[in-house]
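Below you'll find a set of structures to go through.
Across the two complexes that follow, chain A remains constant while its partner is chain B and subsequently chain C.
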Partner chain A sequence: MPDNTNTNSFQKQKNKDEMKKQLISFALMIGFTIIAFAIVAAEVMDKMFAVPLLLVLAVVQVAFQFYYFMHMKDRGHEFPAMMIYGGVWAAVLTIAALVAIVWW
Partner chain B sequence: MSHDHSLNPETMPQEPEKATLEGKNKFLGLWFFLGGETVLFASLFGTYLALRNSTANGPTAQDLFGLELVFIMTMLLLTSSLTSVYAMYHMKNNDFKKMQLWLGITAFLGIGFLACEIYEFYHYIHEYEFTFRSSAFGSAFYTLVGFHGGHVAFGLSWLIAIMVRNAKRGLNLYNAPKYYTFSLYWHFIDVVWVFIFTVVYLMGKVG
Partner chain C sequence: MSIAAAQKKGFGAFIWDYLTTVDHKKIAHLYLVGGGFFFLLGGLEAMFIRIQLIKPENDFLSAGLYNEMITMHGTTMIFLAAMPLLIGLMNAIMPLQIGARDVAFPFLNSLGFWLFMFGGILLNCSWFLGGAPDAGWTSYTPLSTQSPGHGVDFYVLGLQISGAGTLMGGINFLVTIVTMRAPGMTYMRMPLFTWTTFVTSVLILFAFPALTVGLFLLMFDRMFGSAFFDVALGGNAVIWQHLFWIFGHPEVYILILPAFGVFSDILSTFSKKRLFGYTAMVFATILIAFLGFMVWAHHMFTVGLGPVANAIFAIATMAIAVPTGIKIFNWLATMWGGSITINSAMLWSLAFIPSFTIGGMTGVMLASAVADYQYHDTYFVVAHFHYVIVGGVVFGILAALHYWWPKLFGKILNEAMGKWAFWLFFIGFHLTFFIQHFLGLMGMPRRYWVFLEDQGLDTGNLVSTIGALLMGLGGLIFVINIIYTAFKGENASGDPWDGRTLEWAIPSPPPFYNFKQTPLVRGLDPLWIEKTEGKGEMTGAEPIGDIHMPDGSILPFIMSIGFFIAGFGFIYQTDQKAWLLAVFAGMGIALLCMLIRSLKDYHGYHITKEELEREAD
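So, the complex of A and B:
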């Protein structure tokens, strides 16, 4: 089965293209991290505005990590997606409950 | 030996980590585990968010945290996530030596991260007398960040164990899933760290 192996040049090129995408995601993740630290270090932004922005930057960065670095965008990742989103669902409920009990 | 041949084929399949039933099971099992880990860390994050202002007249987040060290730690862990991507790239190209090399770099960066964290805790305890028992904030902080550090330490032991164990075997369909599941776990550790540096350190500094 010669066309199903990584010795063929088509597959090698595909792996290379994939690696390029991952390098771009890495650059973006570094960028998001630097923006997040800069927002806090500069101390110019209001707390009400800075905190949601920091959280959004974190969520975007994590999405890159899951979809590119951990290949969730690839075929055959329906079960992994279900498990992670199941976990995220329970996580959101847990955090909402624990934060809500100290709100008052 | 037919069994040996099926694990060491002449030409590796495109996705050696999922080419066997055992590999597929390990892949699904690890993702199931990560779903559970998400919930575990959520309970620690929720506890921290609930208790982070209960400082009992001890040091507060603003007194303690320094952004420089956290930034260095973030860069170390994020880069180690990329180096493990490189390792998996070489695994797919069936280049065992380069895979081991990039995993070695990953381990090196992970050790650097852990050393920074140990220094950080040491610094808090000795300079600020901020311990696990100082306040509810202290307990929640050390539990959350320490649990993540524990995961890094466990991941490092896992990585070094599979690297040493398979050093002379080379890549085959039996150990490819072991490497791949490790890389997923390592990325997940970085995911948790992204939320720790955001929620604990950056939001702690903002107030």
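So, the complex of A and C:
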């Protein structure tokens, strides 16, 4: 986290960029949420198409959350990122195997 | 144990100190006492089981009570004895090994302990309230959904509460290791016990949610009329088995990996050698953890998953033997050419290697899906998992207690009694369980409360029971040793074993702030490096300065009481809706504690530089 009390111009510019990115991703996330609700409410597409689309929107939102709001894009987060991806990988494998042997 | 100190302070103050403590070393003491108590309880249940099976058609226990006994023996030993004892050791030692002053979330640490303790007490209250759970420690549906009385309800709520505590512990250790390592303590310089704590915590983080989900489904089926496992209403009984084993298989690695870490540290210390193949050991640990998630269905070969699923899981299971084998050979190579000291800690470690290898070998036999149709639900399986859990985990805990007792309590456990306990327990252990392989191959099923005469099972069962009594005797001597040491044991220096890792760089028992100065780590086995290439003690990475310490708090204790009361409410509201009051009251207490915790600021306090300098080294 950059120190907010630091007022040199470089830091100022950086904070400004950071704020811009945060706002853009925040706006995008709200947009995605509205789209998701709209798809379901308006019944414009059938289930087979709507459900995967909602999942994709959800994954993008989670990525925004992690990378922009929780600062995973900044340096020094390589290890947590590796652990998160490792965990996601193990969880996906487990769930895929479970679903495959129970219901397939 | 600080009994003398307690009497100086007054007993009330001593109790209050432990109820409110957030110090990782004191919480470790609590875990060891709690886990030790449940270990004795589970041991007592084991004795009852073996006495029942001492002769054919014995009537020492009734059939129903026998079911309760085996269920509670398994549940207690896994959830309330082995895991808390290991978490206690991790709590005490891991922060010292990485040069930290406490764990990352001291409050959460205390909450984790009290949730475990009250969950365990809740589970054991069932003995006095109409019968313990009786559906086996695996609690398979539909047996568990149809089990009459409240036994299984106690199982569900008790494990739910104590499981939440364990999950908190795991997250806490993860954050501690990621964020609080001393300067220079890179990942590949961490002692193996810290590494296994880390990997175990990852396993806890991923495995426990599966148990939580399973228990919730079971709770709703039993209490609120849902039908997740009711085939007649479109449910699926096998889902429970999947959920349970998705948790349950990683659980056995949660138990054994810390023990592997203990042995790695002990063998290297007492061989006066650096651990052989350190990097391979680390990656073998990670590989075991990863593979451990992909093998749960080997508990379900006979369920009827089909040949493809069975074959995949059989091969994945056999693959685990590879990293485990790497570890076994690395331990042997660590001792090779070393200057070996044999004491109690070392005896348990040496005994572990062949005992665990036997268990691992029968594990590979069981992994073969076709052969498993013969072994399934026989005493062969019982023998197998006791060889790995007793021969691995219990030996590991006892070795660790002998090794770290000086660091934990400032006294050295009596060696003579330690050796007596070891030999009795070791011989008793093999007498009890080796013969059970053959009982199983002869077709003796597990979980049956009697066996018939003249089927070739009489002698084997008698031998097994005699072995169990020897194990009990060994355990008793260990308890006597603890009491003797508390009063008459010799005081330990900071480094009684000529140790290699950071925990031996500070006095025994450590001061409550652990390190006066955060140490500077220059490589693997940091203290050993300083002893051989430096000035013999750790160099500080910072000047002596004020140390910030967290405030103690009674809130975790009260919060856990709240969940405990709510647990009773959930169990009994099926009989009488008035019990919902207990649910609301208990949850209210817990939520109120959370509110207080959130709103009130805890600033902690500082130990000033002057105070630190006054204290003698």
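Quick notes on this structure:
In this text, the second predicted complex is superposed on the first by the 94 of 104 C-alpha atoms of A that agree within 3 Å, B and C clash if a C-alpha of one lies under 4 Å from a C-alpha of the other, contacts with A are read in each partner's own complex, and residues count from 1 in each chain.
Convention: a contact is a pair of C-beta atoms (placed from the backbone, for glycine too) under 8 Å apart; a residue touches a chain by one contact, two chains touch by 3 or more.
These numbers come from a predicted model, not from an experiment.
When both complexes are overlaid on chain A, the residue A:80 reaches chain B and chain C alike.
In the superposition on chain A, A:90 contacts both chain B and chain C. In the superposed pair of complexes, A:35 makes contact with neither chain B nor chain C. Using the contact criterion defined above for the overlaid structures, shared-chain residue A:53 touches neither chain B nor chain C, since it reaches no partner. Within the superposed three-chain model, A:101 lies in touch with chain B and with chain C [touch as defined at top].
Counting residues of chain A touched by each partner, chain B versus chain C, the larger count belongs to B.
In the superposition on chain A, the residues of chain A touched by chain B in one structure and by chain C in the other are 79-80, 83, 87, 90-91, 94, 97-98, 101-102.
By the touch rule above, chain C contacts chain A in their complex via residues 178, 202, 205-206, 236, 238-239, 242, 246, 290, 293-294, 297, 305-306, 309. Of all residues in chain A, those touching chain C in their complex are 79-80, 83, 87, 90-91, 93-94, 97-98, 101-102.
Against chain A, the residues of chain B that register as touching in their complex are 11-14, 18, 27-28, 31-32, 34-39, 41-43, 45-47, 49-51, 67, 71, 74-75, 78, 81-82, 85-86, 89, 92-94, 184, 187-188, 190-191, 194-195, 197-199, 202-203, 205-207. Of all residues in chain A, only 1-2, 4-7, 11-12, 15, 18-19, 22-23, 26, 29-30, 33, 36-37, 39-41, 47, 50-51, 54-55, 57-58, 61-62, 65-66, 69-70, 76, 79-80, 83-84, 86-88, 90-92, 94-95, 97-99, 101-102 touch chain B in the complex they form.
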